[in-house]
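Read from first to last, the chains carry the letters A, B and C; within each, the first residue is number 1.
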Amino acid sequence: MNETSKLKKVLEKGVFAVTAECGPPKGADPEAVTQKARLLKGHVDAVNVTDNQTAIVRMSSMAACSLLKSEGLDPVLQMVVRDRNRIALQSDVLGASAIGIRNILCLSGDHQVFGNQPQAMGVFDLDSIQFVQVVKNMRDGAKIIGGDSLTKAPELFIGAAANPFADPLSFRAVRLAKKIAAGADFIQTQCVYNLERFGKWLEMARDNGLTDRVAILGGVTPLKSVGMARYMKSKVSGMDIPDAVIKRMDGAPKDKQREEGIKICVETILQMKEMRGVKGVHIMAIEWEETVQEIAESAGLLPRPG
Amino acid sequence: MITAEQKPIDEIREMINPYKRILAVGCGSCVAECAAGGQKETAMLASALRMAARMNHEDVTIDEKTLDRQCVRDFVIQLDDVIQNYDALLSLACGAGVQAVAEMFPEIPVIPALNTEFLGETRDQGLWIESCQGCGDCMLYFFGGICPISRCSKQLLNGPCGGSKNGVCEVDPEVPCAWQMIIDRLARFNALGRLEMIYPPKDWAKKQGKGPRKIIREDQQS
Amino acid sequence: MNKADIKPNGMAAEMSNGQNPILAIFYCQNIPGGDEGSRQELESHYGESIRLFPIPCGGRLEPLHLLKALETFADAAFVIACPEGACRYFEGNRRAKKRVERTQAIIESIGLEKERLGILLGSREKPKTLSRWVKELSEQTSRLGVSKGRRL
């Protein structure tokens, strides 16, 4: 049970890292998770498991991480502060480490109003930055909030999210610096379609010396159709899809749009690989895990280091 | 101020249904300011309830009286002279007022006519905005006078989150992003540096640590 | 006042008993034919089926008065205000309209027809005299019949 994070090892070696995303099912079926695991195995370094994303009730991230682990993958446990207070969060951090989960991504989470439980009480006892700091203190100081000592510290590679496309842009570097100061080892970004804005954000991070202190993994999501692109642009918060991308998707014939989406995705990765300060890519192929291998292959990211 | 809105008449009628002699009690403070339970609103509600009773052939008396404050015993005591005429009180106060009246007159049912909403301000005529959670540990100084606990949908102390776009909150385009406001305001005072520190987890014990809170001031006691 | 607006009919006398609809009209004194003499003439013509209340500004009327009228004696209650934009008290009538709409919602929620209560704004192009208003409203009210909410 003492294995370390594979993601961490890859990044330490200076290899351009590849992570993917696995959304747990809206049910108790373990097969749904293990099937996705098999699609991803060998093509990525680690797999994020979302935590009731868009505030829709799904199998717990921790349980799905455990299933991925038993399939030989390195899971990244996503945890949102929306649903648990500091007692539950710290307890789950200990539990995650105990069952061999070695990566955690600390998030605020989509607001409960977006999901299928809009009447839920949003907890937000901690915010995502405080949560990063709490996990860091647990790991490095073996202490929980309030100073009580742990009998054994959790072993976790700590991640946080960043949205280069949210406002105000000028403050995004400050917030990134706060996440790093709190203890983030790696950052996974919101899906990048607007490379120009992503570049600006990255430049600010570089200018502040942040890219040397944290491993930034650029997020990508292959578009399945122009409809999906339009939907994401207008309905998904924090998303920035330039009109040029929509036009390009629209220009492809209906039966070729998936290919076009993959092409855009691969091109984005290739460009990100050239950008100073980007240490890897996070491929979020939503309910389309089978495409991850193709994308990684086309972007020259395979084979993954053993 | 504490804001409130009147409950639907049907809900009120259901609650007062068992009673024949009802006193509708208005409150002249916060809920008068937010046009939910002042003298005027009490008169309107009582009038509507009397009409409704007549239309349904119910033999019910509904009188009205508005106190300056229902949450202060010195004012509630004014009900002493009239209370024996009634078998229920319909209170148009906030939740605090309803309970203060009920506490003072344990022998008579006190029915709430309002839904208490939030601590806020009158931004404009007919517009009230939530701005305080009564957390017991005011942090407005750090955030340029804008409370992220009340006005950020995720209560972030280290915001803004990734859902802030064009100055509005992802939760509702009608809601301004509190963090955009905080940043703009602190920038005006050259105080953006205040946001570089990581604000630690909030001490919620000051709000709910020992159950319901109370304030004791010996210098104010008789 | 325009005599032609008052058509002699036998209805007025019949309406004077408690089973016929009674109309309460609160009107802005500034509308044409809103003078005291016209009021007396109209009241003697319509008898107990209408009650006329001159007020300094229609926009200033509290909806409570309409509600109270419905509760205590009237089967329908209206306020007649100046044309939109012509209110001497600036915007008085625009806000009054919103308040009356809310009051309509209240009577609707207890099962009364919302048409029993309303605010009417005059027209600048085609100003109506008070007697014209009264005639139209009393026809409207007689269609609604006696209100179940009124004290008999």
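By definition in this document, contacts are C-beta pairs under 8 Å (C-beta built on N, C-alpha and C of every residue); 3 or more make two chains touch, one makes a residue touch a chain.
Small disclaimer: the values here were computed from a predicted structure and weren't measured.
Shared contact partners of chain B and chain C: not a single chain qualifies.
Think of the whole protein's Cα atoms as having one middle point; the chain whose own Cα middle lies nearest to it is B. For the pair chain B and chain C, the distance between C-alpha centroids works out to 37 Å.
Rounded to whole angstrom units, the spacing between the C-alpha centres of chain A and chain C is 66.
Chain A and chain B have Cα centroids separated by 40 Å.
Shown for chain B are the residues that touch two or more other chains, of which there are none.
Residues of chain C in contact with two or more other chains: none.
In chain A, no residue touches two or more other chains.
Interface residues of chain B, counted against chain C in their complex, comprise 8-10, 40, 43-44, 47-52, 54-55. Within the complex formed with chain A, the residues of chain B that make contact are 153-167, 170-172, 177, 180, 183, 192, 195-196, 198-202, 204.
Chain A makes touch with chain B in their complex at residues 82, 86, 108-109, 111, 113-114, 122, 124-130, 133-134, 145, 161-163, 165-168, 171, 174-175, 177-178, 181-182, 190, 237-238.
Listing the residues of chain C that touch chain B in their complex gives 62-64, 67-68, 70-71, 103, 106-107, 109-112, 148-151.
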